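Chains here go by letter, A, B, C and D, matching the order in which they are written, and residues are numbered from 1 within each.
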Amino acid sequence: MTENQTPLARPLRGIVPPMITPLADHDRLDHSGLERLVAHILVGGVHGLFILGTTGEGPSLSYRLRCELIDRVGELLAGRVPLLVGITDTAFAESVNLAEQAADSGAAAVVLSAPYYFPAGQPELIEYVEHLVRELPLPVFLYNIPSLTKVGFELASLRRLFELPTVLGLKDSSGDMSYVHRVLRLIGDRPDLSLLIGPEALMAESVLMGAHGGVSGGANLAPRLFVELYESAVAGDLAQVRRLQARVMELDATIYSVGRHSSAFLKGVKCALACLGICEDAMAEPFQRFGPGERARVREYLEYLDLGIATHASVG
Amino acid sequence: MTENQTPLARPLRGIVPPMITPLADHDRLDHSGLERLVAHILVGGVHGLFILGTTGEGPSLSYRLRCELIDRVGELLAGRVPLLVGITDTAFAESVNLAEQAADSGAAAVVLSAPYYFPAGQPELIEYVEHLVRELPLPVFLYNIPSLTKVGFELASLRRLFELPTVLGLKDSSGDMSYVHRVLRLIGDRPDLSLLIGPEALMAESVLMGAHGGVSGGANLAPRLFVELYESAVAGDLAQVRRLQARVMELDATIYSVGRHSSAFLKGVKCALACLGICEDAMAEPFQRFGPGERARVREYLEYLDLGIATHASVG
Amino acid sequence: MTENQTPLARPLRGIVPPMITPLADHDRLDHSGLERLVAHILVGGVHGLFILGTTGEGPSLSYRLRCELIDRVGELLAGRVPLLVGITDTAFAESVNLAEQAADSGAAAVVLSAPYYFPAGQPELIEYVEHLVRELPLPVFLYNIPSLTKVGFELASLRRLFELPTVLGLKDSSGDMSYVHRVLRLIGDRPDLSLLIGPEALMAESVLMGAHGGVSGGANLAPRLFVELYESAVAGDLAQVRRLQARVMELDATIYSVGRHSSAFLKGVKCALACLGICEDAMAEPFQRFGPGERARVREYLEYLDLGIATHASVG
Amino acid sequence: MTENQTPLARPLRGIVPPMITPLADHDRLDHSGLERLVAHILVGGVHGLFILGTTGEGPSLSYRLRCELIDRVGELLAGRVPLLVGITDTAFAESVNLAEQAADSGAAAVVLSAPYYFPAGQPELIEYVEHLVRELPLPVFLYNIPSLTKVGFELASLRRLFELPTVLGLKDSSGDMSYVHRVLRLIGDRPDLSLLIGPEALMAESVLMGAHGGVSGGANLAPRLFVELYESAVAGDLAQVRRLQARVMELDATIYSVGRHSSAFLKGVKCALACLGICEDAMAEPFQRFGPGERARVREYLEYLDLGIATHASVG
């Protein structure tokens, strides 16, 4: 354990935002934006930070840049909240390399989904995870996102993998709440396993039903909103949950709905952060930042939404 | 152009096998197997060689190993047939790196499909290819394989991308022959563009209908069979086409049908090559070679099929 | 309005079980079983009854049998709870016929999903519903079940269709809770529209978040369980919600998991009802009842679950 | 066998157009259009006629209208070519009823795909077909169209079902030529089984590779084109095959590409037939005929294509 590492409470609970990666251009970090973004998110009271996930455009970044980001975020966090690092890759050795970089930078855990080129059968997936976990210097969150990896963790596979002592739990981004309930049943009374929910619209109800928190992309923009929603759900304050959930759905209907493709969420969040002066909105290929028309709409939405975020000088 | 590079005839025609990657273990080349395999394929009379594609488990290999393979195959071919190198990646910069390695090693062209993590919209995909092609030192075959990349090249996108002067044509692995006919119509009378067919069962009919050849995975095992099938189709010898096609479908019903998952083809071909003493059958993660029971079945099928391949001392 | 019709409160709230269709053989009603089943469900305190839906094997039944069922259930209910009748069909005229039969038998509303052979585009779907609704003698619940109809109601289409005065709301069986939250936002403060949830595992959280109830298939077997779960959610009693939800997930992990295909739920529920002596478990083609081995497992699960259902003499 | 029935040669060979259903409005036959259409198709030299398939909008028609159509087409054909009748339905009893009407009207065979609401598992599908075939008064073509029925006939299931003595073969509309080759291998030397190809773009190559003919939708419009393409393929005249295939692909790129949804083919063909004065272009719900703008484009395409069809007074 490095001096900057936060020991990870088990089960991990709370809001662990999947940080977007601030870029100055498609293969270069926006260093000052990164600093402001980390500060902005931490001020919201989040319980951890997850980098190099889907929202972080992890698979689109060069390895050089991924390592630089891990290193820099480790420094910026300085152990204030646990750092989780995405190591999903199609090449086994590259996942190990990323995990080693993560350990060196004080990360508390890594996050691993199915390799996303070849769709493995379930026995192949189990064997893959068992082999990989053995070579990792950090504990692991499994990450279920079949829409992007083509293959998800079936219940019987999870049952097997939850027996591995360094598996911390599951981040589920399937969007399938029936699956979430089955995983909750599987976890049962085990106090060491955590279930975190990916889609931000489903975090509150998941916590109401027993899940441990969320990896909510919108928390890049409005971290306090998601922390409060999580806390309301933990407290069982249904009126407040519904009020805040309505705010979350407003983001969905506005900022996330400007783009036309499945990149709409990512582009919307990055653009909004740029409008607020937090960081630049360059994207990694194959995506490009919004053009002026779309940016104007995001700006209007931000005014309408009144997220209560202190605006920095506009960026980008 | 390096001294080892074969100038690429346009349109590229014939059988360009997607070479499997002989591995000694999951991250180490089987060097002597690689030598034997290249020799075995070239003896079959093929018209080019494609490495680091899907059949080559390209995305599952570490970058170190990919570069080593490019370098070594360039040496082994020594310009006898054109070398095509897969550079598909989720990270733009890594694709450029691989292409530079390919150029240094005497490759004639690179092969590029859609980045396979984020599903790009068609305008995003067009822009991505336009940006990337500009930075590549070699001409490019586009590669359509939506079952693995989630996103294919729509006709209107191809129309745009075929205007780029360094785009050589399309390798289509969609399995959708209606699409193939639409691409043939799009190519029309342009003598510079080539359409190569991925699924080996569809190569012959595609050539009969006007396509230029095939990237037939089974040519790792039986290169002469696919070359003869291609030549029969070019010659319009339908009786011979049907006879040889029946041989191809026997491979499909035997060696490719031993495994249970979508890896069955890959595992079957590698295992058969090992049984024939050509190279080892280690796989890159997330796959593992067949166990003894499956290997025994492959061996029986090989005897039954009598592919007329001189057997080397058994490997692995 | 016939004398047996219950006026439908708007918005419709509560548990409206999608009744299985008790069959003596693949095209004949089990009349006494039907009587017992209706009584069994009503005793559970449900708020309505939905026949000829997916759980009712509606599309698999001959028109003669569908009409007979509508008529008979109308008599059995005698207006005690509102009757909803599925009229989804690939042929427009047959949907109208079924709706007329429903009106004659005292039904309160009909339920309509997209026609399930040809996948209509959204403008086609809107026009279809507008045309059909105009010819129906009863108000309509829209029914979103894209896994079976291939086409769902997109948000923009719902916005249009919710303007039709006889549209009562939506039954959503997409399993997509993000969609559910978007529909809740769309409904907003309109007091006349109802959102009912299909998948039984998602009913409780949907009600916690603002939905109006559930069309829970398991309520054929354990109506009281689902009514209590609904009431706990309405009351905001989270501890009780979680306790009862765990019961629901036990059904999922036991009785619904005996079969191997997507018919597992249907076969499990029918078999369990037969084991309990409530009705026979014949299925409409293309399904067949469980064999003796599967039936023995269902029987064991029933004992283990101890659903507190008074057992009748075993049937079938 | 009725006096109007043509005995069916085995294997059935040639072009068997899937006739569109001429409608005066969404639930009424266009009787004189039907007469002209049948004459138009027969003049083209086709080898059979298939009604109530996908192209015939079979599942969208009321049962009354389906029976009327069967009866009327039986009379119009008067045994000149074999009549095949689609009986696919979600309700077993309705399939039997349609088959009985077909037998009474002199049909030579019926055509049956998987029931299209519930996705049956393969063992369920086998059992369903075995049960149904037993009750049918006519021999049966199986019809594989998984894009619309969700479930296709896997190879192992076909192997079983091809043992039934009244199964005549398979009409495959999967669009998957690898599957076609596997079916050809399965049929092997059995002289009683026929493989007909649905997608018109794939008919020629399928016949070149050993299939028996095609159920080509475009033969409603240009029957002679498809008959000549079939005959060229049988004769092995590759130059002619490619020339005529290019004509087929022109239809695809023009008339079939006017609409925006998956109904584009159907609407285009019906509209073109109306422009040519052959029949009206009313559609069964959920579809509507093209508006004036789209119709003008179809008319222009028809002039450009110069299909050599004698124009009747324009209809509709």
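Basically, contacts are C-beta pairs under 8 Å (C-beta built on N, C-alpha and C of every residue); 3 or more make two chains touch, one makes a residue touch a chain.
What you see is a predicted model; the values in this text were computed from it and never measured.
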| item | value |
| --- | --- |
| Steps in the shortest chain-to-chain touch route ending at chain C and beginning at chain A | 1 |
| Set of chains adjacent to chain B and to chain D | none |
| Relative to chain D, chain with the most remote C-alpha centre | A |
| Averaged-CA centre spacing for the pair chain C and chain B, given as whole angstrom | 50 |
| For chain A paired with chain B, centre-to-centre distance based on mean C-alpha positions, whole Å | 36 |
| Multi-chain contact residues (two or more partners), chain D | none |
| Graph class of chain-chain contacts, one of line, ring, star, complete, other | ring |
| In contact (per the touch rule at the top): chain pairs | A-B, A-C, B-D, C-D |
| Of all residues in chain D, those that touch chain B in their complex | 175-178, 181-182, 184-185, 199, 201-202, 204-206, 208-210, 236, 238, 241-242, 245-246, 249, 252-253 |
| Residues of chain D defined as touching chain C within the complex | 26-27, 54, 57, 59-65, 90-94, 114-121, 123-125, 127-128, 131-132, 148, 150, 260-263, 284-288 |
